[in-house]
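Note that the chains take the letters A, B, C, D, E, F, G and H in the order they are written out, and that residue 1 is the start of every chain.
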């Protein structure tokens, strides 16, 4: 059988950012082939949601590499050196969502942006959100992660004017098992103009923030 | 065919409150028979969620009566005179939930309690909740109504210590159509000890509050 | 009963845009009161998803007004005069989604932005999307509306680099009745960085785009 | 990375009870940090739904501790000594729900209340419920646990006047797998005034009962 | 187009009972053709769930006929004269389910059996079930109708030994709207050996009872 | 903690058959206590859906015992000796459903009835059903098991007049994973008078058949 | 606003068949514009699922036209004259599905094929299917329509070798309301190689059959 | 117990292709018996979706055999020698769907057809689809596999005229976990005439393609 993976070389020119590989459903064999292709082009490659055992096997072969066990993010190659600080803040309510916060954080770093993490601003203790308002006002994009009832983006959206990308996490049990309640609560939010990504899609949230920040640097307008 | 409805005369003795009639799914004929039975026993009867046209037909026949068009509550007979004020506060985020707020309010009034309504304390404007905290702290039970993403009980539950009965309203569209998102968000709330009733079950919330208040008047304990 | 609606006067200062009223679930009486409050403050007010008969009743009383029958958008007062053109493009696949395209269009206009509509770029005729690429590349934000299988944002997202807000419409039948398939397909999109709003939430999409454009005018950064 | 957990010291003053930790989704590392924080403040801490292996690892490090294998409740520190007996009765239909009965029991004990367990009062043998009515009438709050078709709270609610908190358990198979049928049956109950918590949320039920009992000790009223 | 309906003349010989027509989804034209076919064969025909206006139109043309407005059962022809009494009891909790009780009752009558209706034996008042136990013990088959939480068959199944056919009604709101909660609760019942039919399938329940009663008259056994 | 299980001694008198224990969700400790209680009363006890390892542990302690690995049925004690043959036929489409066929078979045997198994009569090969019609006509009750699209009961119900209990199995994948499609297809069957039990509820189907056969031996009638 | 509809002139060359218009969700104004465009090009246009009142309004303006009230198919222009007979058979179980049978029939006729309808071959009377086997064997494609439990395609697929397109209809109630059970049963069918279209998608089934028949006329092969 | 499996010898004559065995839910014992039966008739047998360990156990006993680990296809016996090339193209978007591509490929090979695989034509890189159009136009049937948002069949269907069988894969997470979004998007496709099989039903897609190709070789027509 012929090779089933081809790097989309044109993508970076076309939409301004590199392909990132979804690791969870690929075999080690498939991932090896993909990484080799990138290495031949002398490019770094980021793989998300990769299981510990598969990551370990790949780390033996390919260097240099970085692996974050909590989020399952594997980088073969290196993060870019000229990181831009401070454009994105990532908010979450506690340690249960850290796997997702880290996926967002490392994806943004791979794309050249060092985000800031605010990890204990849950809705059950509103004073923590309110106490951070002045700090949060300085960022260009807010990414807000929440599981269970997913109320945090609603509270943040009522207090701050920036673009908000809400990320439902799969953390919960009973009716909220799997993150569907958090997702639907975010989609139904009465705080205006919040946009949402798939459950556990930290990578997509980072990409969405990247699209916004890139656009801010340019000067486009339709008909003028 | 023989009569298909019998008043549960024993209920008041058994569980301390009268039967209330669910009007939405009953025919006018069935409701007439039920009301007549109550009138023969010289008792008032409260009917909930009754449609405007059915209520109008009944109001022609039975007096005295009270009908609240917004909630569909119909009383044939009279509210009790010795209302106890101030035990229950009903919170909601806006005019869309008024049908439910009123169902709770009139059910409690039928049971002898005059509740207080706080109808513009939604999560998108937190200052309104916070601004009412001192007032709200005075009530024994808080009933919190919300549609859409249903975040209000979570916010209230993180700020106040009383028993909280959360009532999801069917107000919403898209994923929150029918109230299921509000219900599930309330059940998943990270604010501790909130209890929940069925979507649009204002009557049940009032009954739940009534059970709590009645118990406060007594002095029970298991093994002592 | 006391007044159940209060304008959130502080909101515009806090998050930079005015409250917009969800008309579908409110009674004519409640809407009258809301509009009167705005008129007393000499402010225009936009109401979305309002039914034809309710709009007609209000239009008799309040002037000047504008009503778009297709989307159910009612403006009491006037659109701002200094419209900024060309920042936002609204894409859709056909006439069935026009109700949503218009809700987005008029909400943005109320917020001071004149968007451009591209209404026949469906996935079943890819040449139409491809033929418009150069034009589309000029906008700062793309809002992409689709019903049925909701594939349009995926196709657009693979070809263009801007922030994309995907809006599922409720148009469909069988499994796609109500817009849930379009919503879920958008959330699952393999085109990176697309963000999504609730089914039929044209208003929210407009607000999301507004948040992005506002931020582009400012110069924020966290830690620098 | 900076510390991602902070104890909410203010909570006890604000809402009258301490934070309890949801253990299922946290890593051992995160839990270690949390427990250390509590120990530095010389406070006991209760962790719920913690897996056997994680509990074992923590028990090696922190003393004194108590672990209930059936419910997954871990206490680091000590239960309060002055337990108040007899305010709460916990009812269930059999040994399958014991994991939930125990979560409720130990949470209440941590909050200073010794509850009573009635563990074989299922609906398939009504004589057992009826035979316990006099005993049950003595408690201030009834917590009723059921899986499968969840009918027990309905039967109890028709016979007894106290506040009833219904807790659906995840025990069941086929359509009732995961506890959704029990949950929905409880929400739909025709026995009035029953309130419900999330599936398997024993902790929330205990907190709900605690809120009620605390309120009974105080003397609040709104407007008087 | 050729005729699209043919009577299954062989069915009565094959499975022992006549075809009954589902009226809700058929046009008046289709129903006219069906009834004419039956009349030509000099057979009576029973039509279920037929809307009032369609029934009125047919009643003008075909005689003799019987129409029950509550259930939507239309008989063109006559009920059999030699009714067998007392084999089947139909239990329900109140007037809301009467439409279904009547569909069962008239279907059985069309099949030659006069059933008995017990229409106020709901679970919220257990004494009514218990008070009828001796009477109920005399029937060969029990058909138990319930909406909302659907607990009645469970309670009856724990007290009586006969074959029980549980029929969920579509009566309910919120989570129990449409009868799915009642259906699932009946399927999950911990009372053994209850069998269930589709929501609102009164006709199917009658047929199921008929199959049992017919078999009782015969003397079959497999291998002996 | 006091003993949480009590045998329902009265049940056999009340509803004519012994309690059977659902093994899947009970701990080995709980099962040991239950079996001991039965042994003290010198009664046999049947446990269903018990996992292999738990069964092995119990089999070491209690004798005599019988364990069927395919269905997970464990009998501690003995099957009754005077088996009645030939009243019940169990039909299924292939080897995938054997676990359920056996659960039905051994439950009936415990209740004193030896059923007959027809295990290759699937709908994809109709000639097999048709070829067995004469044999099948001899049984008093037909229990029909099917997974995937669940069409077998419909086909059988159109050809044979006996009481039919349809049992959906959890065998399937994609949309039919978990047995919900089979269940719903059976509930929707256009073959009249089929009744249904929960997914994988072989035990319930056996009990339902038992209720019918017992009734055939008696001579009850309501009003006569 | 500029014109929002453009005919896809290139489609017929590209994929071999003309665009057909989905009428249900379009306004009369939009449909008028579409039909005018087709008439200017001197092309006939077929509109599906159009409501009676909208069709009547259009029929007043545009001639010649054909409208089938049962299916809601409206043709402005003429059916092609050179119909090819006998390639496609449409099977269904009764008059309830006629709306869908007709949508398929008239769509195929518009595409130049006269199909044959077999409208009383339901699964509850297998002899009707079996009695038509020889006739059915002559067609190149079988389209099989069914509502409720959707078993007909499974039975047909086990008996005949042709390509089978299964079409679930929305006819049903209770669990089968809206056609989801029929759809899922068809997707799960144990009869091999059946393919399925959306609920009520008669038009899609006709198009699928058309794709097959067109391909039969050509002589394609990949690598040879 | 008697043998529970019988080969359907007549099937090949009746519908033109052999039975294929679904391996996932059968025990090794059951599979051994089935394979032995085939070997006695000197026939090859194909088993799909069989787990690695079960396949290994069978491969020890039966030769010759072929096992594809990625798809879980096991052949005991031999593929036919006279393969027909080039009738079917299998399209997919990446390595994650390879398990399904291979199931289709080997099933077709077992049926005598060598398909061609196009495994990197995802929607996020449209140029890959467009670049292969001329090649793809040569095949008689297109089988299109996709997970996540399932948009590939829609894009292909708008560009090519052949019969298209869409196969949703279970690859995805969050809302698209298990393949339901891909399935529903395919069913809702606005590209006309696409037909669909169950999630992960590669075998069914191969069979559907086989039915079409077989029919092309014959010359059937209904009434002519």
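FYI, a residue touches a chain if its C-beta (ideal position, glycine included) is under 8 Å from a C-beta of that chain, and two chains touch if they have at least 3 such contacts.
Owing to the predicted nature of the structure, the values given are computational and were not obtained by experimental measurement.
K.L.:
What chains touch subunit C and also subunit H?
P.N.:
Common contact partners of subunit C and subunit H, which must touch each of the two, are A, G.
K.L.:
Could you name all chains that are in contact with subunit B and with subunit F at the same time?
P.N.:
D, E
K.L.:
Between D-F and E-F, which chain pair is linked by more C-beta pairs in contact?
P.N.:
E-F
K.L.:
If you average the CA atoms of subunit D and of subunit H, how many Å lie between those two points?
P.N.:
Using C-alpha averages as centres, the distance is 50 Å.
K.L.:
Between subunit C and subunit F, what distance separates the C-alpha centroids? Give it in angstrom.
P.N.:
The mean C-alpha positions of subunit C and subunit F differ by 56 Å.
K.L.:
Can you give the whole-Å distance between the Cα centres of subunit E and subunit G?
P.N.:
About 35 Å, centre to centre.
K.L.:
Return the residues of subunit F touching two or more other chains; collapse runs of consecutive numbers into ranges.
P.N.:
Residues 124-125, 157-159, 174-176, 183, 187-188, 192, 198-199, 201 of subunit F each touch two or more of the other chains.
K.L.:
What's the complete list of touching chain pairs for this entry?
P.N.:
A-B, A-C, A-D, A-H, B-C, B-D, B-E, C-G, C-H, D-E, D-F, E-F, E-G, F-G, F-H, G-H
K.L.:
Could you please specify the touching residues of subunit E with respect to subunit G in the complex?
P.N.:
Residues in contact with subunit G: 1-2, 4-6, 8, 10-11, 22, 24-27, 30, 34, 49, 168, 170, 178-180, 183, 198-201.
K.L.:
Sort out for me which residues of subunit H touch subunit A in the complex.
P.N.:
Against subunit A, subunit H makes touches at 70, 94-96, 98, 117, 119-120, 124-125, 127-128, 147, 171, 173-177.
K.L.:
Would you mind writing out the residues of subunit B in touch with subunit D in their complex?
P.N.:
Residue positions touching the partner: 14-17, 20, 85-89, 116, 135, 137-141, 157-165, 183, 187-188, 192-199, 201, 203-212, 214-216, 220-224.
K.L.:
Which stretch or stretches of subunit H touch subunit C in the complex?
P.N.:
Residues 93, 122-126, 148-151, 154-155, 157-159, 172, 174-176, 180-182, 184-192.
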